[in-house]
Amino acid sequence: MSSTNERIICVPGQVLCASSNDHVAGQGTFERMGYIYASLAGVVKVEKKLEINIVQVQSLKEQSTVPSPGDIVTARVLIVKSRQCMCEIKCIGDIALTRPFRAVLRQEDVRATEKDRVKMYESFAPGDIILARVLPIMDVHTYQLSTAENELGVVISHSEAGVPMVPISWTEMQCPVNFTKKLRKVAKVIPENIDIDMEDNTETEKKPST
Amino acid sequence: MEVTDVNIRLACDRICLPAVSENEVQKLFTPGEDIPTCAGFMRGHGTYTEGEDLKASVAGVKEQVNKLISIKPLKSRYNGEIGDVVVGRVVEVQQKRWKIDTNARLESVLLLSSVNLPGGELRRRSSEDEKMMRKYLQEGDLISAEVMNVYQDGALSLHTRSLKYGKLSQGVLVKVFPSLIMRRKNHFHSLPNGAAVILGNNGFVWICPASGLEHQEDSGSAGGFIQDLEKEVPKADREVIARLKNCILALANSKMMLYDTSIIYAFEESMKFTITELLLPDVMVDVANLTQHRLHLDIAD
Amino acid sequence: MPVDHRRIQGPECSEDYRKPKTLDAALLKKGSRRADGRKCGEQRKIFLKPGVVSQAKGSAYIELDHTKVICSVFDPREKASRNLEQQTVRGEIFCEFKFASFSGVQRRSHQQEADDKEYSLLLKNALEPAVCLHEFPNFQVDVQVLVLQDDGSSLAAAITCAGLALADAAVPMYDLPVGLSKAFSGDTEFFDPTGAEERMCLRGVDGESDHGVFTIGFLPTFNQVSQLFHSGHISSDRFGKMISEVGTLAAEVHKAVQAILLSAVKSSIDSSDNSKLLL
Amino acid sequence: MSVHIKTIHPMKYMRDFLARNIRPDGRKLSEVRPTAINVGSISTADGSALVKIGNTVVICGIKAELTVPNAENPNEGFVIPNVELPPLCSPQFKSGPPGETAQVSSQFLADILVNSKCVDLQSLCIMPDKLAWVLYCDLICLDHDGSVLDACVAALVSALCTVTLPEVKFDAITKNKTVELEKRRPLTLTCFPFASTFATFDENSILADPSEEEESLCSGTISIVTSGDSLYSVHKPGGCQLSENRLSECISKAQKRSLTLRGMVEKSMESIKS
Amino acid sequence: MADILLSEAEKTFILHGVRDNVRNDGRSCSEFRPIELELGLVENANGSARVRLANTDVLVAVKCEIDNPPSNFPDEGKLDFFVDCSANATPQFEGKGGEQLAVELAALMSRAYQTRESFNLSTLSIIKGMKCWKLCIDVLILECGGSLIDAISMGTKAALADTKIPKVSVIGSDEGTLELELADEADGREEPLDWHHAPCLVTLNKLEDSLLVDASAEEEACCAAALIVGVSPNKKITTTSIPGHGSFLADSKIFARALNLAVDVGVKLNTALEAAIKKHQTLKPPPRGFLD
C-alpha cells in the first residue's frame, strides 16, 4: 500500500474537483453548484468506469451506511417461520456493521424458481449466516432480503455437534462429525475457501488490534 | 417590502352564525331524543329502538323515505356510495395497493389493478409494476377517483380507470364538510373565469387552472400519472384560484351547498372585494348572503 | 416530592454555601482587556480532540479554558417509531444535551432540566443542516453531549464539538459546523464570553439600551447560518451587522477544526499502515 | 477478515486467543491496562478527579452543601455517591433514569464508603443536630470499556482526596452562618480503598482488568475492594464457579494493585499542589 | 411545525405563487391573516386570552402564585411558561408526540420575556428577598394552522394585559416566616401588570428567496427554513431562533432584510394588538367563549 503522503486526505465540506461529464460524485461525496465536495473525512479515491471518473471518499471508520436496495449483505438468521424468516444484517458488502439492522426474508424470495414450493424450515435454521441481496424497501421499518440467486443463501451453518457443516449440494449441508445431512438453501461458494479462511485467521489474528 | 397593517378584531364583534338560513330551520334531533313515528316504521341509520319508541343515536335532522326513518347527522365523515367522485390523498404505498385518505372513517383502497397503467388498458400487473408503484403515486400525492365498491366494513375501494381521473397536478385543495357537496351528474367543472374545480363528494374540493384538467384528458397514454411541475401558472389564473378558494370557504362557512352555480355566483358577487378581504368573517358572510339572494332569484324566475 | 429510588438519596434539603453571585459591572470597564486578559474580540484557546470515547462510533472533546464539553455519536438506528404510517425520506439527528451536576456554580439535578431540553433542541437544529440527512432515511443518529464544566459559550462549544464528533463517526456531512457565541452590553462586545460575562450581558447594565447574548451555528463552506439563538434587547441594524461579522471569526475556528480532523485521519492511516506492515 | 470473524463468530474468536494465553488486545491474562489519574480538573466542583483505565474513563465531581444532620446521627455529615452511566459512554445504555447497572454501582460505592469508613462522617459535622456538610459525589462514566467499577472507586477516592471545605461559623441563637471562603481545609481520608475487577471466561482463564468486549464474552466478573492488606468487599454477581485458590490469587493481585493506585493518587495530588 | 402531507405539485403551486407574490389565499408575502382576540374568558385564571389566527387557535391563561424570589435576584418575581400541545390539536401530539414542540415553544417564550426591557420582573416582588409573585403562564394549543408561536406570543401579551394581581399586605411575622393577607377580590384592589413592552414573536418562513409572514400549515410544509424573531414595541429584537432543519445564507443583506421585515411586522402586530386590548378594556364586553 502507498504511504500517507501520496494520498489525498479530505474533510467534510472540502472541494475535491469541478464536476463534469467525466467526473461524477460517488460515495462519500456530494455535488453542489458544479463542484464535487467531500461529505466524509477520509481518503479520496477515483474509480474509472467506462471513461467516467467516479470521485469517492473512503472513510477509515466503516461508513455510517444503511443497507440500500441491491446491496449484498451478510446476515444472521434469528427466527424461522413458515412464510418468512427474520434476520439481522451484520455486514453490508465487506463493511462490518457495529449495530445490526433487522431484515425479513420472505418465502417467495428464497429462490428464483419454484417459488411456491419453498419451505422455510428446509432452507434456513436460526443461527445460520447467509448472504442475501437487499430488495427495494416496501415497508418502512424493515429491510427485505432475497436469496434468489445461485451465489446467495446459507454460507455458514453449525450442526448439532457445534461444528460448521459442509455443503454437499445446493440444497444440502453435512456435518463433518456425525455425518447428518440438513436441508439448506446453500450459496454457491467454493467450500474450501471458507475452511481456509476460518483456519487461517486463528493464526494471523495474534497481532495487536488497532 | 410593503408591510400591510395587521387586522385584529375582538371576539365580541364576531357575527353570529348562521346568519344565512336557506329555508325555515328544520327540527334537530339529539341523541336519545324520541322521534315521532308512523305505524309500521322502518329503522334507518342514526336511530335505535327502545321498546316501542324510535330514538336518535346521532345529532341531526330527520329524513323519511316512505316508512324508512333515519337521522342524517349534521357533521360526519364521508360515507361513500358507489359511483361517487372523490378527491383523495395517498397516505401509504403497500403491496399491490395504495391507501388513500378520502375523509372517510377508514382509509380507502386503490388497487394496483384499478388504475390505468402506462402502455394500454389490458395489461397484466407484473411484479415489476409492484415495485414501480411509488413511481406512479407516492405518499402525499392527490388523486381524483371514483368509488368502485364499498366493503363490508365501510372501507371504500376506488378506481381511476377513466381518463378524467388520476393524479392531480398543480392547484389547491380545500376541505369542507362532505354534506355540503351537492350530488350532481357532473363534479368536474371548467368555470368561465379560467379555473376548474373538482367537487369531490367526500368534501375535498380541488381548484386548478382550467388547463390543468384538459391537459390530463389529453394524456391518456400516460394513464394520468404525469404532472407538469415546470409550467408556472400565470398570476391572473392564480388570483382567480385564490378568490375561488376564499369564496368556497365563505359558502362553506355559512353552510351553503356547493355546486357549479353557487360557486360561480359567489365568485361574481365577491368581485367588489379584494381577495384578501374575503378572509374577513363579515365579508365572508356578506358574500354568502349575496349568493343566497341570487340563488333565490333564480328559483323565483 | 417523590423519592427517587434509583439513586442514593441525600438529606431532604441542603443549600449552597456560596453566596449567590452578583453581577459584576466591572467587567465592562472601558479598558481594552477583559477579566481573563483577553481582548474583546479574542477567543479563548481551543483544545479540541476527536475520538475520545472508544465505545462510540465517533466522539470529540472540546475545552475553552474552563468550559469543557464531551460529545459522542452513535451508529444510525431505526427511528423510535412515533408515526408508523409516516414515511420520512430524511433521517434525523437526535440530540441529548446535559449539564453535569457539578458543571456550574450551583449544583444541578440529575434529571434533565428545562434548559437541558432546550439546548438539546437548539443543538439538533444547529447540526441538522450540516448533515446529509437523505443518506439515512427513517434512521436517526444519536448525538450525546455532556458539559463537564460550564464557563460560558457552552452551546457554541457543543456545536463545534458535536460537528467534529459527527465527522469522526463518518456521518456524511455537507460541512463541519462551527459554533460561536457573542455577548454584548452597550458598546462593548465580548466574543466567546465567559460565564460571568454572559450573565452580565443577559441582564444588561442599567442605563444602557442594547445588551444580550447570541450563539450562532455556522457552516463556513456554504456560508450558512444553521442556528441563531439570541436573547436580549437589540436593534435590528446592529444585530444584522454583528451576524455579518461572524463569518470571519468562524473561518478561523473552522480551519482549526479541519486541521485537527485532517491530522486525526492521517495518524489513523499511519497506524493502520504500520499494523499491516507488521504482518 | 478479522473484523468479520469477530462479528460472526465472537466466541470462537475469543477461545482461539485464550488457548494461546493471550488476549485479543495483546495483553497477558493477568496484565492490567495503563492507568492514569488526574485530579482537580473541574474548578466548579469542590473536589474532582478523572480516572482512565485503558479506554475506560470515569469522572467524579464533588459538590459540598450545607444541611441539617439526621436525627439518628446528629453529629454526622453525609457522603452521597451516585454513578451515572449516560448513553454517551456506550450504546448499550438508554437515556432516562439510572438503569440496573448504574443503581448497583452506586450502591456498591455507598457500601464501600460505609465499610471502609474512609471518610470520617463526624468530621463533616459543623454543629451537632444543626448543621453539617453533605458531599454529593457524582460519578459519570465517559467511556464504558470494561472494569468500570475499578475506575469509579478510584475516581471517588481520588476526588475525595482533593475536597477542601471552607470554615463555617454557626450562631445557634440567631441561626446565622458565616462562611469563610478563604479559610479552606482539606478533607482527610482514613484509608484508600481501590477495586480490581477480574473476568472469568472459564475456570482456568481469569482475565485481570477486562475490557468491555472481554466482559461481554466472559461468563462473569468478580470485583475485589482492598486497601493494602485490608479487604473490604468481594462482589461476584453470578458467573462460573471459582476455586478458593483462584480467589485468593485474585485477592493478592488486587491488594498489590491497590498500593500502586494509591501511589498514583498521591503523585497526582502532589502535582496539583506544586 | 405539525407535519402535513403535500404532493409535489401542490408544493410547486405554492412556490410559484410566492414568486408572484400571490399566495393560495390571495395574500401577499408580508400579510397576516385576520386575527380574532378574546380576553378574560377563563374565570378561574387571573388573566386569560384566546387568539384565533385563521385555523390556529391558542388559549393562554395566567395564574398567580406566591413564591420565594430567585436567590440571585431577590427583588424580582418569576415567570413560568408551560405549553400544552394537546392531542385536541392534532393526533400527532398524542402521547409524547407534542412534547418536543412544547418544550421548544415554552423555551422560546421564556427567552423572549427574559430581559427587563420586555417584562419588568421587579413589579412582581412582594417583600425583597422573602416573597414574590410567580406568574404561571399556561398555553393550550387548540388547533394548529401555522404560525403557532406568533399566535402564542400575541395570546401571552393579551393574557398579561388581562391579568390583575391581588394586593398583598403583611400582617405579621412569626419566627422568620411571614404571614400574608390577600386583599379580597371584591375590593377591587387589584393591580394591572405592566405589559406594554412585551414582545410579539414573528416567524419568517424562507421559500427560495422570499420571506413569508404568517405561513399557513401548507406553506410551512414547503419551506426550507424559518427564522423566529421576538420584536418589542420599541423596535428591539428580544430573541431569535432558527427552528427545524433549515439554514440561512449568512449574507448581511439577507439577514438585514429578514430582521428589518420581522421588526416592521412585529411593530405592526404590537400596535394592532395594543389597540385591540385597549378597545376591549374600554368596552368590557361579556365573554363569548367557545360556544358560538
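Labels for the chains are A, B, C, D and E, by order of writing; each one numbers its residues from 1.
Just so it is clear, a contact is a pair of C-beta atoms (placed from the backbone, for glycine too) under 8 Å apart; a residue touches a chain by one contact, two chains touch by 3 or more.
These figures come from a predicted structure and were not determined experimentally.
With centres taken as mean C-alpha coordinates, the chain found closest to the middle of all protein C-alpha atoms is C. Set against the Cα centre of subunit B, the chain with the most distant centre is D.
Farthest from subunit E, judged by the mean position of CA atoms in each chain, is A.
Centroids built from CA atoms put subunit D at 42 Å from subunit A. Between subunit A and subunit C, the centres computed from C-alpha atoms are 37 Å apart. Here the spacing of subunit A and subunit B, counted between their Cα centres, is 50 Å. The set of subunit A residues touching two or more other chains comprises 97, 99, 204, 207-208. Shown for subunit B are the residues in touch with two or more other chains, namely 91, 139. Put simply, subunit E touches subunit C in their complex at residues 3, 71-72, 92, 97, 100, 103-104, 106-107, 111-112, 114-118, 225, 227, 232, 235-252, 255-256, 259-260, 262-263. Those residues of subunit D lying in contact with subunit C across their complex are 41-45, 48, 55, 57, 59, 61-70, 78, 80-82, 84, 86-91, 95, 97-98, 102-103, 106-107, 110, 134, 136, 138, 140, 142-145, 166, 168, 179, 181, 212. Residue ranges on subunit B touching subunit E, taken from their complex, read 1-12, 14, 16-17, 89, 91, 139-142, 167-173, 227, 229, 232-233, 235, 238-239, 241-243, 245-246, 274-276, 278-281. Those residues of subunit C that touch subunit E in the shared complex are 20-22, 82-83, 86, 90, 114-115, 117-118, 121-122, 125-126, 128-129, 133, 202-204, 209-212, 214, 217-219, 222-237, 239-241, 243-244, 246-247. The touching residues of subunit C, counted against subunit A in their complex, run 57-58, 74-78, 81, 84, 87, 132, 135-139, 141, 167-176, 219-222, 258, 261-262, 264-266, 268-273, 275-276, 278-279.
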